[in-house]
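Structures given as structure tokens follow.
Next, two complexes with subunit A in common: one pairs it with subunit B, the other with subunit C.
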Partner chain A sequence: MSSCDAETPYGVVLFRSVQAALAAEKILAGEKIAHKLIAVPRHISSNCGFCLRIQWADREAVERLLPAEKLGVEGIVPL
Partner chain B sequence: MIYFDNAATSWPKPDAVPEAMARFLRECGANPGRSGHALSIQAGRVVYEARERVARLLGLDDPLSVAFTKNATEALNVALLGLLAPGDHVITSVMEHNSVLRPLRHLEERGVGVTRLPCPEGALDPAAVARAITPGTRLVVLGHASNVTGALAPIGEVGELARARGILFCVDAAQSAGCLPIDMGAMNIDLVAFTGHKALYGPQGTGGLCLGERARGKLRPLLRGGTGSASDSDTQPDFLPDALEAGTLNAVGIAGLAAGLAFVEERTVEAIRRHELALTERLLEGLRSIPGARILGPGAAARRVAVVSFNLEGQSCSEVATALEERAGIYCRAGLHCAPLAHRQLGTFPEGAVRFSLGAFNTASQIDAALEVVRELSVSAKGA
Partner chain C sequence: MKQTVDARGLLCPQPVVLTLKALVSADEVVTIVDNQTAVENVTRLARSKGCAIAIDKKADGIYLTIHKGDAPVEMTQADAAVTCPSGEPAAGPLVLFVPSDCFGRGPEELGERLMGAFFHTLRDVEPKPATIVFMNTGVKLVVEGSRALEDIRALADSGIEVLACGTCLGYFKLMEKLSVGRVSNMFDIASILLKAGKIVEL
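This part shows the complex of A and B:
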């Protein structure tokens, strides 16, 4: 376990488009992976839309489930 | 009252449509995607659900490639002005609505080559499309169904032809989306322009452009502005749908559109088509039995959507339409239907014709009642 895991249980998935974040939300809901749409934290990105908060421990599953190119995933970073 | 003007805008709407719009305004009327709070997210979900419904209905593989516009006209402008540049060549037909003809005339004046194929009796021959192709042909744009005669264009054949020749194919589905099956993938269609307020039973002010894989990344946007994404840059994003959706969307309209789409999905396009086909057959058969009635377009109902235009010998179309409304509360549309070249082709320019256009809520008894009045008008004209 990295130090990140110990300190921050959450991560956020960043998308280039708000509508893509909503598409991803439906995928994660279908797979019963805990998530929440939240405003993009200013310290992470200057975009004015929202991103998906996930359990940091789920990040690899999330990476597998979301088609990164199609949804324009810009990254998964610890919160 | 009998409403036969569904090709202009459908009416009535399913109750779920105004209900969804009122609910949106009362409960989640925030900006869909500009903020991160719960109301904004809820509004965004409503818009995304509408994208999914549109994609499913039209056989598009990716809901994010549905760009909402305020109507089919705007969608066609986005497609035509976004794609064509001086030196390009585009093929269309004389049966098109001004939503296609006027942007193309504008482009022609700026160096785009435009071929407008004649359509004897209103029918387009796919072989004529093949013959019109030049090395510079970039696009074929056709209406799926004529808003004057209801006639169906040979979309399947032209799609195959365009794909084989590496030419993009754009379909104006203003008169067909919701009442005729459309499958962008199977029919080799690269761009579909649709309106929300006709056979999708949504409100006015809604429509969109669907982009198949080959069309993505090829359109210059018509508008540039805020998208809620890439906010650190003053350059328009190049990804869909944001690239083509500058400014706040008509989210309340889209909420209504989603309810209209749900109505169509639940009833099914096939069942709506069967219902409208039966009514159209009844109407055509009745009109054919009225002396002095000249029907425009194909004789077989199966070759049309539920649009039937006609004239009565010795009477102007506007007189007939006024008499229909005054005698029996029948609402229809007389004139040129924003399709001047189609009426020239059909020999009804500049007088135009009376148009009955039907929808999911019309009934056989309404057809019979309208035919009765048309018959009376025909007889009274003869006696005059």
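This part shows the complex of A and C:
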């Protein structure tokens, strides 16, 4: 599942550090946005071993809540 | 009478057991093996039974030719309990032992998340354990509210036996919250650990 179509059910938020991933996890939990902290899948490369799996449909809301520069977000990619 | 035992591809203790069975009735046994451990084990067996042994390494395997001595070869109680050296895959199921809700030693915040990520990843890696035993604070992973619950449930649904220590659930007052697997006791857990071919402890 590497296509970027809107039907992809999950995406992952990648981070520059573990601390950034943990901080983002707290923000999404506070906003009641479904998420799951998982190990970065083998086929994706990231600085941090953790990433947050989210519903692809929530991507825009997540982007708003986690400003990339401020929160060390590397990107959001489909799973 | 001559007998051939093809033990290539077989794990300890099979080459020894099959050779011994053959030696009981045959005067000459040729056991073919494919690894050094089997060579050593069968050689040890032959010598302990007073047999002569010749080792011939061929392209398709190592041929161990054993000539029975004057005395008859019998299977004894000790032979039945052949022990296999560690480091070799032993017969018996793979058991995952989880004695903590944290993966590794260090900050809880990190350990709990590593454990969650481990069970999520376990769904996609092989080999799968036959049984997962949750003990001590490990039982917190199989109760309501656990971050690993969904993944452990999926593993249980795929046929993996999930056991939670009943004493531990009782200690943490979590018995009512058990959400996946079944409550187990020390007799079952001790037996599962002792019969395991391999135990992986987190």
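Some notes on this structure:
We take it that the second predicted complex is superposed on the first by the 69 of 79 C-alpha atoms of A that agree within 3 Å, B and C clash if a C-alpha of one lies under 4 Å from a C-alpha of the other, contacts with A are read in each partner's own complex, and residues count from 1 in each chain.
Here is the rule we use: contacts are C-beta pairs under 8 Å (C-beta built on N, C-alpha and C of every residue); 3 or more make two chains touch, one makes a residue touch a chain.
Nothing here was measured: the structure is a model prediction, and the numbers come from that model.
Contact comparison for subunit A: of subunit B and subunit C, B touches the greater number of residues. After overlaying the two complexes on the shared chain, residue contacts for A:Lys32 are found with neither subunit B nor subunit C.
Judged by the touch definition given at the top, the superposed model places A:Phe50 against both subunit B and subunit C.
Within the superposed three-chain model, A:Lys70 lies in touch with subunit B and out of touch with subunit C [touch as defined at top]. In the superposed model, A:Ser17 lies in contact with subunit B only, and not with subunit C. The intersection of subunit A residues touching subunit B with those touching subunit C, taken from the two complexes, comprises 18, 22, 37-39, 49-50. In the complex of the two chains, the subunit A residues touching subunit C come out as 18, 22, 36-39, 49-50.
Subunit B contributes residues 32-37, 40-41, 44-45, 47-48, 51, 62-64, 227-232, 237, 239-242 to its touches with subunit A in the complex. Of all residues in subunit C, those touching subunit A in their complex are 109-110, 113, 116-118, 120-121, 147.
Subunit A meets subunit B in the complex at residues 16-23, 25-26, 37-40, 46-50, 70-72.
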